[in-house]
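To keep things simple, chains are lettered A, B, C and D as they appear, and every chain counts its residues starting from 1.
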Amino acid sequence: MSPRKTPALTSTHIVYAVVLVTIAVGAVLVGSAGRNFFSTGNISDILTGTSVLGFIAIGQTLVILVGSLDLSVPYVISLSSLVAATVMANETGNILPGVLAALALAAAIGLANGLIVSGLKVHGFIATLGMGLIISGYLASNYKGSAGQTPLAFRLIGATGIGPVPVSTLIMLACAGAVLLLLNRSRLGSHMFAVGGDLTVARMSGIKTRVPVIAAHVLCSVLAGLAGLLLAARLGVGSPTIGSQGGYDLLSIAAVVLGGTLLAGGKGSLVGTLGGVLIFAMMDNIMSVLQINPFLKDVVRGVVIVAAVAVYARRRTLGRPARFSDTTGPAGPPDTRPERIQKDTGVTA
Amino acid sequence: TTDSSIEDPPSAEAEPAATEAAPAESTDEWFDQAVYDTQDEQRSATFEGDPAQPHLQYLAGDMTDTAAFASEGAKKVCFANASISNPWRQTGWITMNEQLKALQDSGVVSEMETRDAQDDDNTQISDIDYFISEGNCDAFIISPNSTAALTPAVERACETGKPVVVFDRGVETDCATSFIHPIGGFAWGIDTAEFLSGKLQEGDKVVALRILPGVDVLEQRWAAAERLFEENGIEAVDYFTGADPTEIKKIIADELATGDVQGVWMDAGDGAVAAIEAFEDAGADLPVMTGEDELSFLRKWEETGLDAMAPVYSNFQWRTPLLALEKIFAGEEVPAEWVLPQSPITEEDRGEFLEANEGMPDGHYAKFGGEDLPGYPTVWQERQIP
Amino acid sequence: MDNDVDSPAGSEAVLRAAGLSKSFFGVPVLSNADLTLFPGQVHGLVGENGAGKSTLMKLLAGVHQRDSGTIEIAGQAVDFSHPTQAHAAGLSTVFQEFNLLPERSVAENIFLGREPRRGILTDTRTMQARTSELLAELGVSSIRPGSPVSSLSVAQQQIVEIAKAISYDARIISMDEPTAALAGPEVELLYEIIRRLTSRGVAVLYVSHRLKEIFDLCDIITVLKDGQVVGCHPASELDDAALVRLMVGRPISAYFPDIEPGTAVGEVVLRAEKCGNDQLDSIDLSLRTGEIVGVAGLQGSGRTELLEALFGAAPFTRGTMELSGVRYAGRSPREAVRRGIALITEDRKSEGLSLNQSILDNALSVVRSVFPSRNRKARAGIPAMFSSLEVGARDLSQEVQYLSGGNQQKVVLAKWLAVNPRVVLLDEPTRGIDVGAKLAVYQLMRSLAANGAAILMVSSEIPEVLGMADRILVLRDGRIAGTAPPESTEEEVLALAAGVRADQEASQ
Amino acid sequence: MSAHPTARAESGSTRQPLSRNRSSRGERLLRFLRTPGGAVFVLLLALLAAVIAANPSFGEPGSLIRFLGRTAPIAIAAIGQYFVIASGEFDLSMGSVVTAQVIIAGNLIGQDESRAIPVLLLMLVFGAFVGFLNGCVTTLLGVPSFIVTLGTMLALLGLVMYWTGGAATGNPADSFRQIGRGGIPDVPVVEVIPYPLIILVVVAGAAFWLMRRPFGRTLLAAGDNPRAAALAGTPVWWVKTRAFMLSSLAATAAGIILVGYAGVHPSVGRGYEFTAITAVVLGGVVLGGGRGWVLSAAAGAFSLELLFTLLNFLGVQSTWRDSVQGLIIIVAVAVAAQTWQRKRRGAPPAASQVPPPQPGTAG
């Protein structure tokens, strides 16, 4: 129907273009340091870097889609690693109870977050900041340093790989697949988009608006719990600080936004988020190989986050296809018009 | 593929740690009478080696035979660092790099590749694994971010058959060629608590300013001190400050608003000056106090004429790992557990240290031990971090 | 109540509401209202802005809970606490505000909350197929079920809303100003849809401020005034004048006020030559002091773009403009406001008002951001301005979100009056407001003209353009298709707008 | 203005025309106290009473004034953060700005008193510049401020640490530190009036004045609906950028006070952004912009500090303090949210929006 259907360049495309650029730059830089960017060890290092942040960013994507945030993830991670490790207490037979206990607790925290956000109408920022503080106090009061021990069979998860691909990354990708299906092919998923997009519309359509919010929070916490389990497998013990050490709260939000999800909710892509996570992991890898001063690493991270988001944040100001252009003469009447024009709020000088 | 090392059953050493570390309500959880007694003795023990080079001194004990490592040529060292996120680590890191230059000049070390984990256990595990698979390392130096969590990774490094030197915090395995550390937290606790108890009366109040919970090195300091305060009938209340002077000042101000405070105890010197200033600002009598050998504290101490002492968590230990590797590659035996001296700075020798460190920034540590290294003193004065 | 409507022969009332009352913050908005709907009939609901029409609909739909009264559907007393319960009982509503998610597809929007499933997954194919059927049933082929709603025009979005309401298989459909965003052909389409519905025995409750539509469509008309039913008559018994009298409680002598004495068309204030951007081309126009120029055109012909370009919100990239003989670049709204241009936007909620701010703050927003030095003086004049505009509100500190549509529009007008503009651009200034408020807007335009302002007014209601303008620019596909004199007929303007007489431009 | 034309609608409309300018003062106060922005003052008084009950000596004027003095920096930061939040944005870079300024003061002033003034000016310029950068990237490049300021937070702290090697040379000259440490001595009743308190009063006064100025009202309008504001001729980018600049300048002021109060240390200022945002939200300011009163933000900061003090006095085990703080924040904001809700829904909280029981089609 449409005479000139411009192939829409979505933010996900751009994210993966950035991924490619990062790979290219990484290959050159790592090569210049006398290393091989594509060696097994290096790829495995990068992918390992994606798995923990990946779990959290998947969950964070859900929470951001419904218009909330989760700043409590670091503490859920720590708690889950501790619960798992202490329940397992180095007994292979306790693996299942340990995993279940950790995930159940994570789910309960997510439930509480969800109820506070959707029921008490507390902004997700505050609700989860508060919840994070509550858990952090609990951790500090009850766990002095690392605790418990995960059995060998469980630790294998953190140390096994198929070729250069760690099992943990595969599990993370499997979770991503499941969540992708949930988002795009289930009622709950549609309702998450709806609630994040416009609460009134969702309510008017008969959606129980609390359900998607609560579900997103529960899933986010459970995914953080999984990240905690993975860390318990890698560390061999539970640790009360492992979550906050990684700074996963802000980093995961940055990865989600980098992946093209609207911070305000209602629009976004999980695939993009994975791209964002990959960019971070590669960036860390490259900077470590180059032995960049750790303080400067943060500078680079900060600049890259902003610059990358800026690339496609500008794109959203595009309007509908032009009817007339400055150079050519009149064109035929367009019969498609994507997107109501969203002009700059700022006034151009 | 599966990392071969992980298939080994966890080493026997890990077992007691697991049970010991289970969450417990008791505040004594970190207290270990045997270790306490050992460290108490070590405080007054005589160290082998030249006192002019404290970073090479050690306590007599088991030695690791390193004949197998003896070889010619400059070696590549891989260093997995926990972080340089506090002034103590920064000072040490500068010293270590100067030591590196010296060893590069003498042809012992060709290069040192460093990965900094930025305080994250998980990153440090990846760093070590990366070194194992990609680093072409001839030797490993590891400054673990935490004890239990890094144990498996250190074991994997050991399995490469290359020398592994662990320093500062330990791990729960003795596979390392050498584990370098000053006497330890209990000794710190004993030094400080005995000093304060000696100066204070029974029933006096001590405010204990602690950085954060859950770090073994720090927890042991408090475990020992708390016990001694209790024994001596001194009332001690402890706070976590995150090393933030603002927080410290508020805590002291609130304490002074509630009643008198006769002593201040710190598990690390960060922010000691703020604690003293809180007394000054409130117009209260200055307390008896223990801080650390950070210059800011020594300077304030001298200026105010405070009754104080500065325990030391010997910063010069950052030189030792590289020197240990020099010995190892020369085939000389090294202590399996290399205990470095750790003697507090007292009223008597304070002036001496202040003089020796003139021109150094406030965040510098008096016992950094790098006076004989090439960049001295500019590198430390300008705090050039590579 | 003079509820003198008999039930049509043989049919039972499908909805019977009696004594409905509702107050917000103790302010009664609806008191003791009765309403009866019969199958196959269109029931018109009219009244001034703020009369309580939307509130009545929301009570029926279960969006708001009534304070008192009873509602029966097919003889059964009902008490909805949520719109879905109303849907289940066979009542669906097209609300005044859009209820669509712009980022989601048409099909997803229509089936939101009741997506068909196969197993645990959503059955996207069925959903799209059913959407296509639904749209075909409405006689619409230009909307694809898979395209995101944000890619649709306002009119198309309105059609999606209607499709959604119909998809519930409702016995009763209420529509709150469904044509507010529609122009000629789409309105025809809607008529068609409504007739098809009533022929199936559906009862329709219809709210509109366009009296023509009310008379075209409705069988029975209920008039609300200040929250009370002041009349319920068969449409055949009423005419325009009678209806307006009921609504306003006063006679309206002339619908469009005459030009004020002393109004003189003077020299050119704003001139544009060969202007264009990616939506407009070859725009030549000149506006004179004291003149009201109308802009007509079909949906999407670029009328809004024209105003936005003149105002610098979506600037021209070609051509030159002059304001009172001095070059005017038109790069930003700020420049435009500085130079004395005002733009009353089409969509007051998203472009005209800060809904959480007070009436006073909104009214002063232009003064404060562009002429801060005049703030104090402007502030002093506000109360007088509001009482002359007859804004119905508690006080000036009330947040504008709680005002009805017409009163909100008056706040928008007030914020521009406060800076005394030389050129006033109005985009659909009377959309969705009642006759009384419309009249106020017309009079305001007249007196602005009398005071020497130049006025450019866009409207989809051609009678309004004909009634008010001194001359009419007709836009087609981003160009000025021609100028029509005020004596033209509606048909002539439409023909120009649709390009019937002009040679069709072939679209590739 | 006087000549503005008005509509002359014909004769006696039955609608009550808007004649009243404002409600009466008492009515307004009562209405205000029922909003979250007003309720925080009630919370403040309640906490104060509780603290004094727990430790009567805190109620002495001398103690109170010292408390006010030491809370000044966080209150100033909250006021700065208020501008940004009211404009619909976030400023996460605040903590890093504080740290950076503290270290700049330590390193550039050193013991040389003559440098105090030039460095002070430099710090102000630097603060304004950081805010300007945040604002421009947010508004002109369209990057969400959460991300922009997160980036600034990382980059700024990293740069400062890199520059100083992690630790400052030392505290700046004592005369400079007097700004944060000293006060007007020998005042009757209260003993001293700390300079930080004076700075706070000035800042709060200026903020209050600013919010009543066209700038303040425009800021709220732009936070509420930036598109409408832009079409009203507001240079939205500049309004928001100024909000960011005010925020960074407030962080600078907080840094200047803190370097005096606490001295130089890289952890001074850590977490300030979250504390400030918490304080602002506690003050009833709505995240997302367009609502809230600037002094309520300062009151929120005082409430938060009083809460910490109360916990200290009650001898709550220090590891549990985080938990109590988290709980209180959630409860306070939940209560506030319920109040807004009720206000919005109109009248008594009778009709709660019940989720639909058994919607026919959803299964």
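Here, contacts are C-beta pairs under 8 Å (C-beta built on N, C-alpha and C of every residue); 3 or more make two chains touch, one makes a residue touch a chain.
Fair warning: this is a prediction, and the values are worked out from it, not measured in the lab.
K.L.:
Can you name the chain that lies farthest from chain A, using the mean of each chain's Cα atoms as its centre?
P.N.:
The chain lying farthest from chain A is C.
K.L.:
Taking the mean of the C-alpha atoms as each chain's centre, how many Å separate chain C from chain D?
P.N.:
About 40 Å separates the centre of chain C from that of chain D.
K.L.:
Determine the centre-to-centre distance between chain A and chain B, using the mean Cα coordinates as centres, and give it in whole Å.
P.N.:
Result: the chain centres lie 36 Å from each other.
K.L.:
By the touch rule stated above, which residues of chain C touch at least two different other chains?
P.N.:
Residues 82-84, 87, 113-114, 313, 332-334 of chain C touch two or more partner chains.
K.L.:
Can you list the residues of chain D that touch 2 or more other chains?
P.N.:
162, 166, 227, 229-230, 235, 319, 353, 355-356, 359, 361-362
K.L.:
Residues touching two or more other chains, restricted to chain B: which are they?
P.N.:
Where chain B meets two or more other chains at a single residue, that happens at 84-85, 213, 240, 385.
K.L.:
Let me make sure I understand the interfaces: which chain pairs count as touching?
P.N.:
A-B, A-C, A-D, B-D, C-D
K.L.:
Would you pull the chain C residues touching chain A in the complex into a rising list?
P.N.:
63, 82-84, 87, 95, 97, 99-104, 108, 112-115, 117, 120-122, 124, 142, 148, 150-151, 153, 276-281, 300, 302, 312-314, 317-318, 331-334, 477-479, 505-508
K.L.:
Per the contact definition, I'd like the list of chain D residues that touch chain A in the complex.
P.N.:
Those in contact with chain A are residues 92, 137, 139-144, 146-148, 150-159, 161-162, 166, 226-227, 229-230, 235-237, 274, 277-278, 281, 287-288, 317, 319-327, 329-330, 333-334, 337-338, 340-341, 353, 355-356, 359, 361-362.
K.L.:
Residue numbers of chain D touching chain B in their complex, please.
P.N.:
Residue positions touching the partner: 55, 57-58, 63, 66, 70, 73, 106, 162, 164-171, 181, 258, 261-268, 270, 308-309, 312-313, 315, 318-319.
K.L.:
Which bits of chain A are touching chain D when the two form their complex?
P.N.:
Touch list, chain A to chain D: 116, 120-123, 125-127, 129-138, 140-141, 203, 206, 208-210, 250, 253-254, 257, 263, 293, 295-299, 301-303, 305-306, 309-310, 313-314, 316-317, 343-347.
K.L.:
Applying the document's contact rule, which stretches of chain A touch chain C when the two form their complex?
P.N.:
Chain A residues touching chain C: 3, 181, 185-187, 189-191, 193-194, 197-198, 200-207, 266-267, 319-320, 322-326, 330-333, 335-341, 343, 347-349.
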